[in-house]
Amino acid sequence: MMKKKSDILWPLGFGAVFLIIWQLYGFHRLLDLKPFQLPVPSEIIMTIFKNLEKVSGDCLLTVTGAIAGMAIGSAIGFAVAVTATLFPKWGYGGLTVISAFNAIPIVALSPIMNRWFSTGMGQKIGVVTVVTMAAMAINAYRGLNDLKPFSLDLMSSYAADKRTVFFRLRLPSCLPSVFTALKINITSAMIAAIVSEYFAASTSGLGFGIKDSLRKAEMAMGWSYITVSAIVGIILYLIIQAVERRAIKWHASQK
Amino acid sequence: GSSSSSDSSESSSSSSKSESSSSESSSAANGKLDKMTLQLKWLPQSQFMGYYVAKVKGYYEDEGIDLEILPGGSDIIPEQQVYNGVADVGVTWVSSLLKYQSQGWELKETAQIFQKSAMLLVSKKAAGINTPADLKGKKVGSWFGGNEYELYAMIENAGLDREKDLTLVQQDYTMDQLMNDEIDAASAMTYNEYGLLLESGYKEEDLNKLDMNDYNCAMLEDCLFSTSEWLGKNKDLYVRFLRASIKGWQDACENPEEAGKIVYEADNSVSLDHQIYMAKEVAKLVVPEGFDKAKIGYIDMNAVKQTADYALKYGLLTQAANIDECVDSSCWEEAVKQ
Amino acid sequence: MNNTPEITIKNVSMVYNDKGRDVTALSNVSLEIQKGEFISLLGPSGCGKTTLLRIIADLLQPTSGTVEVCGKSPREVRLEKKYGIVFQSPVLYDWRTVRKNICLPLELMKIDKAEQNNRVDALLEMIGLEKFQNHYPNQLSGGMQQRVGIARALAIQPEILLMDEPFSALDEFTREKLNEDLLRIWRKTNKTVIFVTHSIAESVFLSDRVCVLSPHPGRLSAVVDIDLPRPRTKEMRESPEFFNLVTKIRNSFEGV
Amino acid sequence: MNNTPEITIKNVSMVYNDKGRDVTALSNVSLEIQKGEFISLLGPSGCGKTTLLRIIADLLQPTSGTVEVCGKSPREVRLEKKYGIVFQSPVLYDWRTVRKNICLPLELMKIDKAEQNNRVDALLEMIGLEKFQNHYPNQLSGGMQQRVGIARALAIQPEILLMDEPFSALDEFTREKLNEDLLRIWRKTNKTVIFVTHSIAESVFLSDRVCVLSPHPGRLSAVVDIDLPRPRTKEMRESPEFFNLVTKIRNSFEGV
Amino acid sequence: MKKNKATAALLWTAGVVLLWEGVAFFLANILHDKMANAKLPYLHSIIYTIAANFSEISNAALITVSKAATGFALGAAAGIMLAVIMSISKTAEKIAFPYLIISQMIPVLGLAPIIFNLVRNMDLSRIIIAAYLTFFPVAANMLGGLKSVEPEKRELMYSYAAKKRSVYIKLMLPFSLPYLMTGLKIAAPLSITASILVDMLGSKGGIGVKLLYSLYGGEKDIFWASVLVCAAIGMLSCFIIILAEKILIPWKKTSSGGEE
């Protein structure tokens, strides 16, 4: 119990100190910044509250896109990993092919997706999907194939078919890797959704807000959007972590 | 506030510009060139041909300047680059500069390169947009991020409500949305996107264009600016820079084909044809008909005022800009004296 | 007992190859095992016992030679799910509790729930881990894990039971109890058992025949018939016949 | 032998807690071990032998009670690197060859290369794995892995040797050979040894005292002094005194 | 085995090519999509463009790859270091991890000015940004690996009272190597992305500049050629890591057991 408390207190305490230094212009002095270059927390928070409705609307939009895209992307990535596992001879190539998508920058992806989807949401989901595929595919593949010694032998001794081996052995043993992938993906999904909105055919979403505000020197507004996206990102991350704790209690990493 | 601003400036000049400020007076004499950096607003292209021409023809060197031209990019904001000391001087749009100034950034406009707005609203003939009033009920593209105010002015001058009477959509820096009929009218710069439309096979007669200059909603675009502080310390250097730049722009506007080639060779980005097309169009903005090319860089305070007024009216500025504070034409005046 | 052997091992050799370095684990091993026979494999550490077991179980392909089980290839027999294997290390699935680990093969064979529960309850009782049925493997002692592995192999009531040092981590009492349990089950169900052990006494107590392997390369160096009467009793362990057999095997061992 | 004990275990209890389910592994165990003494721990599977060893080695904190080693806390002794431990499972590092696995603690103690090589060569010879020194652990048989673990623990010539069923996966001959090797090393270097085993005979052959634990919760149920003369010889195993001691321990066991 | 792999690679290439050309054909000739050329041009025409502009594109690619290599090296190093620090100290993990995630949510547009202001050197800033964009998958995977070390393996080190440093060098790092490799497989192509993004922060050369110019200059063929080259480099980089994995992890090679 004590441990649980410190789990929260440490980062919060650190965060509080960080915010106070920031609020008292500590970073401004240190990094030689003017308040109008980097607004202080109080100003950011006030701006958020002043624009709460707009900000939360934009946030919802972006998060929806990010989550939908991540779900699709992770599913595709996982499917590729499964294929590569079930058909090792032929399937492995898929992993390398999918990693190619990781090398296409969002700046190039976004206009392409703009062509494919006429709505901002479609474009966003498209971009996030592509961005999240590889991390899941590569991690899941490792998890599906890095089995404990003889655990596969046990399955063959039961003449278990591929399906059974997959569901009874590979799936549970790949969970830790899948969660690692999800953690990577939730961050890249958010940022991909945001950056895709720079180019999207719509004028809403956190990304549009960030770009529009920062370009127009509305730093407080821009940083409000950034703050909100960071908060949402960390909440989503914590949710994944909480699910992970429950799902793989048995794993060494959860000790 | 004020004390911290003074030490910030000291350290900024000492870290990145110490050489230029210390060797200022002796430089030309002993053959050592003063280093100076110019931040472009966008990718190297004929939009900035004056500086490239001046550089290639050695005008900066003649003035004792070693100029480095920093290209812009999608994540680069010239005002911030200059304020942060990454560059000494920058190119930006006046409305954007006014906004930064109003937020407390001590920046000054020092010369106005484009005398006219290059912004167009382009549509296919079939959409039937012949006047701004025809925009009613249409889907109209803009790049936003500060590029939307001329459009707002055009819409509202035509008596339309920009929220209710039409739909504004973000454009992604290509003309694909227009070509694909996802939007009815697209923002386009005369020297760039419009040219791309023509190059991709559209004929002038297939297109309608609404020119901001024709509907009294033009705002000023490319100008030169720097921080008040840097200007205070490097006035002489800056005058020399302006002199060389104006010379470059004069050459470029006289011979856009050559200028286009120079830009293409300096940084072969877009195709040569497009650079030349752009050079020709830009020349029309820098030296419009009837404009004395000796006065390149002249700041038309009326135009600045109109820009500031629209910026205020459409919400970019929250209070009227004190435009006299924002502009410092003294260097330019000195540069064009001879 | 039938006269056609249940398992025929013919000239089996196994060479592990790793980057040009060959390790010959088995060399020309031949053996016939009757249906319902209880065979023990003995031999120094590293002589190839596990290797031979894995070849019979179709977990490994011999470099040369053949194995036939009921006139079929080990592969076919494996696919018929006739093997029950106790591995040398417990090989439990970390994400399953003790109970669920034992249940695993039953789930795979789609045995109905009630029957599953009956069998698992009986086995839990036999291995003395009723109280630990909801623990995860990493909460068990080494011997407890091993017992779970044994229970899991018995759960499917296989026709051929392959056991690789199943009782090595158990105290003598638990071991003796399980020896008896194993014999009881074997007698009742007429399984063929191949049993790897390092305890000569245990092999004598349990087996019909004891096969001794000699190492590097693994060869069959002696096969000793154990003609003690069945059922075997605790008292027999103290009998001179028992002692003689142990000595005989011990000698065949030392002759290596 | 000195009269102040080397290791003093006082009222040690250990309760594993997992989601409200408590498992009492040890309950009020007290024991004094003299310097240079060879102690065996016996007891049914799951009675807490490993737990006790881990507490002495400072790998686990007891729920209550204290352990003192040479008047210090186990932690201090561990930091002085006086422990050598053989774990119940081999715990080899997959990425190191046999030789490198044995070398590991020597590297950590910055012993010079030549000395490292000498020691490792001697140990490899002792465990009979010279030919396999460049193999990786996953290319070894179970017993071979276990022997590597033993060699690794002996390599650092620790003052206190904690061995958890070190010979369980070995055949009787290798086991007897290693028993003798262990005694020889022990005699030469005057180590204190705590030795967990399931073989009563082995414990009698090796030890000065045998401690029997009873399970659930683990208690010290008997401590038997082994007054056989040293050095112990193969022949002693057949002597009536030996047999009596085995029987005595077996009975104290069964009384549980 | 070798032959099998070659045929598999061939089959994959053929499959991808066919699929690509098929979709392109479908768009252009069956749906009669006006934007077919922007949505997905024919692969052969892109390859033709690459061939026609080979020296130009390959030069740009070379610049990007060399920058990506720097960014990748730094990002990987930073990721490994952060993971190690977080695994050494729970407190550090608790403090740092949430903020690392937050840091990943700050877009370059917001971050770049601060970094420029901090280091006041464009080249260094670009390297930092490239590293910033690549470190997270490495850190996450590496941390995952470090935390998966089996307790017994750690106890062995503990029993030797080994110094933290030795524990890491002799146990934690070798154990996490396979996990690290997974992270690197994700990060390697990502570093190309990062390098391209950095190209766009006002660089003078590189495939990213090509991409931007061609995108905004309406040169669709060059744009797609650049995209294809990016993807190819990404695949290659992943492939190199796979190769490195084979060499660096010899003990994993001998695996046993079959499966239906």
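The letters A, B, C, D and E name the chains in turn, as written, and every chain counts its residues from 1.
Note that in this section a contact is a pair of C-beta atoms (placed from the backbone, for glycine too) under 8 Å apart; a residue touches a chain by one contact, two chains touch by 3 or more.
If you're wondering where the values come from, they're calculated on a predicted model, not measured in any experiment.
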Exercise for the section: Using the contact definition stated above, find the chains touching both chain A and chain B. Expected result: E
Problem - Top chain pair, ranked by how many C-beta pairs fall in contact - result: A-E
Exercise for the section: State the chain with the largest centre-to-centre distance from chain D, centres being mean CA positions. Expected result: B
Exercise for the section: Would you mind pulling out the distance in Å between where the CA atoms of chain B average out and where those of chain D do? Expected result: 81
Problem - Interchain centroid distance [CA atoms averaged], chain B/chain E, Å - result: 36
Practice task
Between chain A and chain E, tell me the centre distance in angstrom, where each centre is the average of that chain's C-alpha atoms.
Solution key: 16
Handout entry: Whole-Å separation of chain centres (CA-atom averages), chain A against chain D
Key = 49
Exercise for the section: Spell out, as numbers or ranges, the residues of chain E touching 2 or more other chains. Expected result: 35, 38, 109, 113, 117, 197, 200, 212, 215, 254, 256-258, 260
Handout entry: Touching two or more other chains - residue numbers and ranges from chain C
Key = 18, 59, 79, 89
Problem - Touching two or more other chains - residues of chain A - result: 32-33, 37, 107, 111, 115, 149-150, 153, 156, 159-160, 198, 211, 214, 251
Practice task
Show which residues of chain B lie in contact with chain A when the two form their complex.
Solution key: 1, 4-5, 7-8, 11-12, 74, 77, 79-80, 83-84, 96, 99-100, 102-105, 144-146, 168-174, 176-177, 180, 182-183, 316
Problem - chain E residues touching chain A - in the complex, by the definition given at the top - result: 4, 8-9, 11-12, 16, 35, 38-39, 91, 94-95, 97-99, 101-102, 104-107, 109-110, 113-114, 117-118, 136-137, 140-141, 144, 147-151, 178-179, 182, 185-186, 188-190, 192-193, 196-197, 200, 208, 211-212, 215, 223, 226-227, 230-235, 237-239, 242, 256-260
Completion exercise
chain C contacts chain A in the complex at 54, 57-59, 78-81, 83-85, 87, 89, 91, 93-95, 104-105, 107-109, 136, 138, 156
Handout entry: Of all residues in chain A, those that touch chain B in their complex
Key = 25, 28-29, 32-37, 107, 110-111, 114-115, 118, 120, 198-203, 208, 211-212, 214-219
Completion exercise
In the complex, chain B touches chain E at residues 12, 15-16, 39-40, 43-44, 70-77, 80-81, 84-86, 173-176, 179-181, 192, 196, 199-200, 267-271, 274
